[in-house]
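Listed below are the structures to be examined.
Each of the next two complexes has subunit A plus one other chain: subunit B in the first, subunit C in the second.
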Partner chain A sequence: MTNLDKLIKAFSDALELEPELINDELSYGTESWDSIAHLALVASIEMEFDIMLSSEDVIDMSSFKKAKEILTKYDVGF
Partner chain B sequence: MTSVFNLEGKVAFVTGSTRGIGWATAKTLVRHGATVILNGVHSQQLLDQRIDEIKKEFNVESNGFLFDVGSLDSVQKCYNEIFKRYKKLDILVNNAGILEDSLIGMITKENIEHTFSTNTTAVVYNLQFAARLMSRNMSGSIINISSLVGRVGNEGQVVYGCSKAAVIGITLSAARELAHKNIRVNAVAPGFINTDLIKPLSKEIYQQRLNSIKMKRIGQPEDVANTVLFLASDLSSYVTGQVIGVDGGMIM
Partner chain C sequence: MNPAEQYFDFKQYTLAGSEKEKLLAKELSGLTRFHFENCTPYKNILHNLKVNEEFDFSAVEEIPFIPVRLFKTQKIQSIPDGEVLKYLTSSGTTGQQVARIALNKETSLLQVKALASIITSYIGTKRLPMIIIDSEATIKNKASLSARGAGLVGLSNFGRNHFFALDENMKLKAGELMDFLNKYKEETLLIFGFTFMVWQYFYKRLNELNLKPDLGRAVLIHSGGWKKLEEQAVSNEAFKRGLLDNFNIKSVYNFYGMVEQVGSIFMECEKEYLHTPNFAEIIIRDFNTWEILPRGETGVIQTLSILPRSYPGHSLLTEDLGTIVGKDNCGCGRKGTYFLVSGRVPKAELRGCSDTHAESVMMKEG
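Right, the complex of A and B next:
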C-alpha cells in the first residue's frame, strides 16, 4: 500500500467517506469533516503513519492537499 | 490474588512528581504495576534520584523529563517522547502546581501569569496531548489535582484559588467532551496536606488550619495518592466529571 493509499484510507475511515470522494479538493467544513471528525481524522492519520502531529499541524490540516504537505515534514513522501 | 487496583501494563505520566503529592502518587501507581513517567522542573539530579529510588524499591524502570509544564513546546516534546517509547498513555495526573500567597492589593501581573501558567494552562496543554494518545485506544483516565481553595477560597489566595477553580472547570468540560471516547476526567481537591507548600506557614496559621480539620490531623501526600489510584484504576470505570475532596472534613 502506498503512502497515498494509506492517507486516503485514513481519511475514508475517519470521515466515513468512500475512497473515491477523497481528493485534493476535499477540505475542512465539507462533507462530514467537522470539528469532531477532525480529531478522529488526526488520530487515524497518526495511527496509519505511526507519528504524532504537532498542535500547529493539527490546526493547519485544513484539506487533503494540506495533509499531504504536512506529512512530508514527518518524512512521509507522496 | 491480583490487586483490585491492578495497573499492570498501564503507562502513566505524573507532572510535578519529584516531590510531595506528585512523588507519593508516582510511587503508589508504580506499586500497583503501572509504568510511570516522572516530571520535574528544577533539578535533573533530583529527577534522576527519584528514577533510581523507583528502580531500587520496586525493581522496575521508569523515565523522567525535566521541563516546565507551562511551556507548550516542552510539553509537545515530552509527548513525542512518550509516543516514541511507549506508543500509548493510559493515565495522566496533572499535579504540578505552585502556591504564591498574595493579599489583595499586592497581587502582581507576574504572580498571576506564573501561577496560571503552571496551575492551569499546563493542565490544558497536557490534557490535549494525553487525550490524543488515549483516544487511539479509546481508553484513559485523566486526574487533575485541584485544591480545596479552588472550591471554598482562602485569604491571600485569590490567584491560587482562581487557578485551582479553573482546574475544576477544565475537568467538568473535558469529562463531557471525552466521555464518548471512554476517557474519564476527574479532579482531586486536597485540603491541608503535609508538603513543601505549607513550610512557609507560621505556627499560628498552621495551628489554625489544623483546628479547622474535623479529622484532627494534617493530610499526608499518600492520602491524596490513594484517591488518585482509585481514579486511575478500573474500580472507577464509571466515574467521570467528579471532584473528590481529600481534606479530612476541613472547613477553611
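Right, the complex of A and C next:
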C-alpha cells in the first residue's frame, strides 16, 4: 500500500467515509469530521504510520491536504 | 488567515500593558460591529443601550456587554442555521434552561487554537498519555455537545491513548486504571476532569479502595467550579493537598471558563492566581451600578474574548464573583490580568443583574 493509500484508509476508518469521498477538498467541519472524529483520526493516522504527532500538528491538521503536508515532517512522503 | 490568528503568533502570556489594550480594543470593536450587523437580537440590545454605533472603542472598558444568561432564553447567533457546525449546550440541572451556543467552522478552529496556545504553554507540545476522569458516554452525542463534553474533547487534543477512567455510572474503573498506570509508568501523564468529579469519583474512590498510586509524574488540569466542593468544605488548598499527600501529584492547575466562551480559559498559575491569556481580558463590575471596580474589590466578572465569531459572546457579564489581584506583574512571570474567583453572584442580586439590564430590553423589542 502506498502512503497515500494508507492515509486514505486512516481517514476512511476514522471518519467512517467511503475512500472515494476522501480528497484534497475534505476539510475539518465537513462531512463527519468534527472535534470528536478528529481525535479518532489522529489515533488512526498515528497507528497507520507508526508516528506520534505533536499537539501543534494535531491542531493544524484541518484538511486532508494539510495532513499530507504535516506528515512529510515525519518523513512520510507522498 | 483569520485576523484573530495573529494573537497566536505572540508567545502566550507575553502581551501586556497598552499594546494588549490597543490590540484587544480594536479587535473587540470590530467584533461588536460584526455581531451588530449580523444578529438582530444583539442589534436591538445595543440600540437600547444607546451604544456608540461607530464602534470605534478605544478601550476594552467601553466594549458593550450582555448578560451570559441571554443565551439561555434567546436564540442568539450571527450566522445562518446552515453554517452551524455544532451547538454547545450548558450542563444545566433539571428545570434550568440550557444555553445553546452556535459554532461555525471558524469559531471552532479558533477555539481549538486558542486552547492549544494556553495548554501547551503549561505542558509542552508533546502529547501525553491521558487519563480522563469521566465516562466516554459524555462525548457520544454528536449533534450537540454538552459543556462537559466540549471540555473533554478540547483537552483531549493534548493527550494520546486516552483512557476514560469512569464507567457510565460514574464508577472508577480501578483495575483498568492501575493497568494504564503500569503501561505508561515511565511517562509524564496528563489527567483531566471536572473538579467535583476528580474529587468525588477519583480521589475519594481511590482512598476507599486503599489505593495509593504514585502519580508524581502527572499533570492534573481541572475545571468546573467549586460549588459542590464548598458544600463538603473542600477548598482549592485542601484539594491540592489531598492530591499531593495521597498520590504525590505536584502539578495541579484549575481553570475558569464557560461554555459561552470555549477556548478562552483562565488558567491558574503556580502562585494560585487565574490568568487572562493574550486574547482575553476581564473586568470586575459592581452588581448594582455596573461601574468598573478597582483592583482588589470584589464584583461581577465580565469576560472579553476575541474568539466568538458565530455568536455575540465576545463580551459577557457572567454570574460569577471575582477580584482582580494585579496586572502584568504576577510572581509566576506571566503577563496579563490575574485574579481570583469567589463563587456565584447571590440569587437576589442576580435577578437585578440581568433582568434590569438587557433581558427586559429585549422583551420590549419582542
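Criterion: the second predicted complex is superposed on the first by the 78 of 78 C-alpha atoms of A that agree within 3 Å, B and C clash if a C-alpha of one lies under 4 Å from a C-alpha of the other, contacts with A are read in each partner's own complex, and residues count from 1 in each chain.
We take it that a residue touches a chain if its C-beta (ideal position, glycine included) is under 8 Å from a C-beta of that chain, and two chains touch if they have at least 3 such contacts.
Values in this document were obtained by computation on a predicted structure and should not be read as measured data.
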item	value
First, second, both or neither for A:28, with subunit B first and subunit C second	second
First, second, both or neither for A:55, with subunit B first and subunit C second	both
Greater residue coverage of subunit A in the superposed arrangement, subunit B or subunit C	C
Partner chain(s) touched by A:72 [first = subunit B, second = subunit C, both, neither]	neither
Subunit B versus subunit C as contact partner of A:39, first or second or both or neither	both
First, second, both or neither for A:47, with subunit B first and subunit C second	first
Subunit C-contacting residues of subunit A that also contact subunit B	39, 42-43, 46, 52, 54-55
Subunit A-facing residues of subunit B, complex	72, 76, 79-80, 83, 128, 132-133, 135-136
In the complex, subunit C residues that touch subunit A	85-86, 104-105, 108-109, 112-113, 116, 119-120, 125-127, 139, 142, 145, 150, 153-154, 156-158, 160, 162
Touch list for subunit A against partner subunit B, complex	39-40, 42-43, 46-47, 52, 54-55
Subunit A - residues contacting subunit C, complex	28-29, 34-36, 38-39, 42-43, 46, 52-56, 58-59, 62
